[in-house]
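Please find one structure pasted underneath; my questions will follow.
Note that the chains take the letters A, B, C, D, E and F in the order they are written out, and that residue 1 is the start of every chain.
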Amino acid sequence: MPTVIVEGPKIDVEKKRELVRRITEVIKEVYEIPHVTVLIKENPPENVGIDGELLLDKKRGEGVD
Amino acid sequence: MPTVIVEGPKIDVEKKRELVRRITEVIKEVYEIPHVTVLIKENPPENVGIDGELLLDKKRGEGVD
Amino acid sequence: MPTVIVEGPKIDVEKKRELVRRITEVIKEVYEIPHVTVLIKENPPENVGIDGELLLDKKRGEGVD
Amino acid sequence: MPTVIVEGPKIDVEKKRELVRRITEVIKEVYEIPHVTVLIKENPPENVGIDGELLLDKKRGEGVD
Amino acid sequence: MPTVIVEGPKIDVEKKRELVRRITEVIKEVYEIPHVTVLIKENPPENVGIDGELLLDKKRGEGVD
Amino acid sequence: MPTVIVEGPKIDVEKKRELVRRITEVIKEVYEIPHVTVLIKENPPENVGIDGELLLDKKRGEGVD
């Protein structure tokens, strides 16, 4: 502990490296605990719904989170 | 918020669309909050255990959830 | 399976009853599986951050999700 | 999305404020998405096991995460 | 890693001790990894729905999981 | 309920079978509830951070969890 689970879209390995490094830094400083696990969960746009619509479908129209 | 995580088996994109639309409708009406995120998690039958047995193995015999 | 986890604010027992009944109905129809577990997670406003601010602090100003 | 779930011990409200502000900043920069939800989960030491022992029991001896 | 999250009803501290000890033993042997975190989540019966009904309501009639 | 989520690295199907069988046995005995769902989540080493570093990068140097 602490364990951080990040639910987001796909990202490349360089971004994962940065994410884990920076999230861990924040957790260590706030909790004052040195052991931190981060789990990055990558969700395809057809598996995410925002306000009733699949991200997959939103993306076709506009450009969205 | 609210965020809804659905852990289930694989489903096709049309079902995902329906799932997100209907779950969001329920959440909006019950919580009276307009912003809803739904994350659909698809679990292969070899990664799910029901009462001590993999879904993969159960399926070979009968036909189950 | 399926298991549905709902992360939201506190709600009263009557709303929980409605939430579970209606979510289960949707899951059963979409997945065509009769066994559904719903876990309702109630998050106090000081434990939720939206866009960098605690819900606790947002609520003091406006009225928000 | 993205949604970040932080499983840790109890912390005070000032730390939660800092945690949410800083985690959101990291997520926004790495994912380049402005909407971020953070859920802080506070786990009592009797509900966390590290390497086979409850945190509650570990704490009695030493001082640990 | 591995991290195990157990979603169940309330249990006493002696049971938590046993749960963590035994789950950790299984994980260590199956994964051959010595570091294991277990998070015990206790769900009140009014926050759990089984097949469309709150556990709270089921318990009034019969006696159930 | 209970539902157990195991976040770990990839494992083969024989290990999954053992994991589900043994975890279920522990849960049944501790909770005295016969219905147990286990969800095995397999995380690639580039999606796991331990103490600020991706498991992917740690593995290149040493040999780690």
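Assume a residue touches a chain if its C-beta (ideal position, glycine included) is under 8 Å from a C-beta of that chain, and two chains touch if they have at least 3 such contacts.
The structure presented is a predicted model; accordingly, all values stated were derived computationally and were not measured.
The chains in contact with chain C and with chain F alike are B, E.
For A-B, the equivalent interface within C-F, C-D or A-D is the one where over half of the contact pairs agree by residue number, namely C-D. Summarising the inter-chain layout, the chain whose CA centre lies farthest from the centre of chain E is A.
Chain centres here are Cα means. That of chain C falls 20 Å from that of chain E. Annotation for chain E: residues 1, 3, 7, 19, 23, 34-35, 37, 39, 43, 48, 50 touch two or more other chains. If you sketch which chains touch which, the pattern fits none of the simple shapes: not an open path, not a single ring, not a star, and not all-to-all.
All chain pairs in contact, by the document's touch criterion: A-B, A-D, A-E, A-F, B-C, B-D, B-F, C-D, C-E, C-F, D-E, E-F. Those residues of chain A that touch chain E in the shared complex are 1, 3, 37, 39. Listing the residues of chain C that touch chain D in their complex gives 7, 43, 46-54, 56-57. Listing the residues of chain B that touch chain C in their complex gives 1-9, 11, 15, 18-19, 22-23, 26-27, 30-31, 33-35, 43, 48, 50, 55, 65.
Residue ranges of chain E in contact with chain D, taken from their complex: 13, 16-17, 19-21, 23-25, 28, 34-42.
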